[in-house]
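The same chain A turns up in both complexes below, where it pairs with chain B and then with chain C.
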Partner chain A sequence: MKKENFFKKNWLVMLTGLLIGAAAVVLTAFGNPKNMGFCIACFLRDIAGALKLHGAAPVQYFRPEIVGIVAGACIMALIGKEFKPKAGSSPFIRFALGAAVMIGALVFLGCPLRMVIRIGGGDLNAIVGLVGFVLGILIGVFFLKHNFSLGRAYKQGPVEGLLFPILLIGGFVLTLIAGSLFAFSEEGPGSMHAPILLALGIGLVVGALAQKSRLCMVGGVRDAVMFKEFGLLAAFGCIIVAVLVGNAIRGTLNWGFEGQPIAHTEWLWNLLGMTVVGWGCALLGGCPLRQLVLAGEGNADSAITVLGMIAGAAAAHTLKTASSADGTGANGPIATIVCLLFILVISVTHLKKEQ
Partner chain B sequence: MVDARGLSCPLPVIKTQNEIKKNNPDTLEVLVDNTTAVGNVTRFANNNGYDVAVKELEDDEYSLVLTKR
Partner chain C sequence: MMQYLATFHTHLASLKTHRALAAAGIEARMAPVPRKISSSCGTCVFYSADNPCYDKLDADVEAVYLLKDKDAELLRQFE
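Let's look at the complex of A and B:
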């Protein structure tokens, strides 16, 4: 009876998880980089590159998946009357946290979504990342339980909520009609991509489903620990299962630490990089995917967070903190520690006293 | 009363959880301003022995009245 209830309550989010996992496998089969079918951090980093915000030639491409996710979430929110423009909850702190999360993600080489996709491809370094990710969320939960808050948001007019989706779509259209304005990788991960319409279409579906189901990679662990609710965590598992099955079918399942696609084996920094991501996202109230979806729902604080992530990606490549398959960047370790200290400061300075 | 207007998930649930832990009230009114929070607080309350009556106020705000079963 209880089991039946669990599926009844959580079927949509679990189905979304399965579809995202399948989408990652399909996108990889059609050209996206290996174990990177769907990575919000990597794709925002590529967009930062396409906008010439950093000069890392291998990672420049205006990823249609991102445009699709935001547009899909926006359309679904409009249909479901859940499009509610709001803003004003510590915007600049959110920007900076977004940047820190991105710097941490690029030390590990992936957002939480790519982390589970890497696990589904057999990359054991991602299990190390998962340990760090859970650790980061647990630290974040500790502060949340002690009344951490970035303050309340306020209702805004429709333009405030629509501007980010419109700008993103506008930028994407510009890449199609005036591509020379942008930078596009000729080799490396940025040059590997699925056909534009397929990527955009899958992004739209994923964005719409993620909006409806409120899927969030950070929420899974958080809700399980804080409220003993396991729906989001089940979705997390569904993504791994779908990717595992997909890789097994395609014969691309390869267990091990060494020689994994776009990954390195420095376990301490894989772990701490994802600690930054888990902790930062717990404070932000959602993983990078969830931030994109909320931005599509008209949440301008989340739009600012996404811009922070893009700025963080630009900084990571300019300041050589981003990792590569060869290992951490020259300044990756120090940047990771700085990010952890920064998030600690934000955590302790935002504990509200109980009235 | 818990005023969680303007707060996004998971804060409305945490505030509700803290209030229930602290005072163990027979009834509790929670104010929120988004449907995600309505869903999350309702689910949390139902799992913790409360029935929930949702009333939509003006301007996208909701009042949730939690009553102990």
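Let's look at the complex of A and C:
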């Protein structure tokens, strides 16, 4: 195969980045919380709340964007004959790593996607988070280079791969026909949302494009460091550019540390929270968005990781480790340290010996 | 000399294969799997050799391709 030039090779992932950034701005304009047009961690946390897995009243809503991303990726994978059900790569460790990543994300207040969206809104606390995120990925890459592995996955039947997308869609339909069974925020971020069909539609497009382009916030830094491949990192930049331009047009660009939407200024925990996310996701092989897309492609290990994230969100609010605009939760700092130690243990205990 | 590409079920398997090929004096490099080959975001190994060197590949190899001018021909799919 001939080597292609950078733009020919990476135009789709860069376009996907631009569209995700634009989608975040549009979703915010139509009701999603400020600087939270698209946040996988926040949205999974809201879904955990809607399912009454935690009792934090301001963050309970069954976010259609998540349903759309998984369904969009699933449909695109089926069309492209890339739907390949598989499972069996350390499933419970992935569940626990997913939970740890979510706890770290809720200390920072956002997944890697929201981190770049916050940067695009002028939130300088997110730059601190970015430093921690890159640091975490670099630690993960160190272990990857020294024989870290969670083991291989094995081919599964179609039901194994389809069950997660079907359950998610089923849950969403239930919220429409039997809404009283679920919890919905009456105030706070969970009460702020774009119209359902718009959110679902944008989720479908983002999921389909992310499947086609393999966009991954962790993969960008990992590939740049390990292989000097900068395509995914360029997409990372494209999201920031699109959000910056969108916020500038809407007049919502606001540079600074103080008074940023749904953010706090405790730099150490912003940094370490995202270190947890970067390190954990490097071991998992992808950011929270990528885990949703892989789950849509039939990867049941990723589906379990997403369930781990939902469980982590429930734990974060029940155990008061999640931050708020007022600062870190009462148990946020200790939870961050516990998560870092946990990921260190997983990293060290999964270094395979050379045969 | 032919150009080959091997994909793997784990990053570790590609790392070990890269080391085994390099130890045998075979020119090899690791890279993200090309999008044309797979929707997986794993790691692959490109290598130049007279044959596909199946004996040098890690047990967790997924597939081996022969690289041609514009495309890649699947030589062998592993379990």
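By definition in this document, the second predicted complex is superposed on the first by the 351 of 355 C-alpha atoms of A that agree within 3 Å, B and C clash if a C-alpha of one lies under 4 Å from a C-alpha of the other, contacts with A are read in each partner's own complex, and residues count from 1 in each chain.
Just so we're on the same page, a residue touches a chain if its C-beta (ideal position, glycine included) is under 8 Å from a C-beta of that chain, and two chains touch if they have at least 3 such contacts.
Note that the structure is a prediction, hence the values are computed from the model and not measured.
Annotation for the three-chain superposition on chain A: chain B and chain C clash.
Contact with chain C, but none with chain B, is seen for A:Ala77 once the two complexes are overlaid on the shared chain. Judged by the touch definition given at the top, the superposed model places A:Gly285 against both chain B and chain C.
Of the two partner chains, both chain B and chain C are touched by A:Ser149. Residue contacts after overlaying the shared chain place A:Glu186 against neither chain B nor chain C. In the superposition on chain A, contact is made by A:Gln211 with chain C only, not with chain B. Residues common to the contacts of chain A with chain B and with chain C across the two structures: 82, 89, 144-145, 147, 149, 151-153, 155, 214, 219, 223, 226-227, 229, 285-286, 354.
Contact residues on chain A toward chain B in their complex (touch as defined above): 9, 82, 84, 86, 88-89, 144-145, 147, 149, 151-155, 214, 219, 222-223, 226-229, 285-286, 294, 299, 354.
Those residues of chain C whose C-beta lies close enough to touch chain A in the complex are 9-13, 15-16, 30-32, 34-36, 38-39, 41-42, 60, 67-72, 79. Put simply, chain A touches chain C in their complex at residues 1-2, 77, 80, 82, 89, 144-145, 147-153, 155, 211-214, 216, 219, 223, 226-227, 229, 285-286, 290, 297, 352, 354.
Remark: chain B residues 5-11, 13-14, 17-18, 22, 33-36, 43-44, 47, 59-60 touch chain A in the complex.
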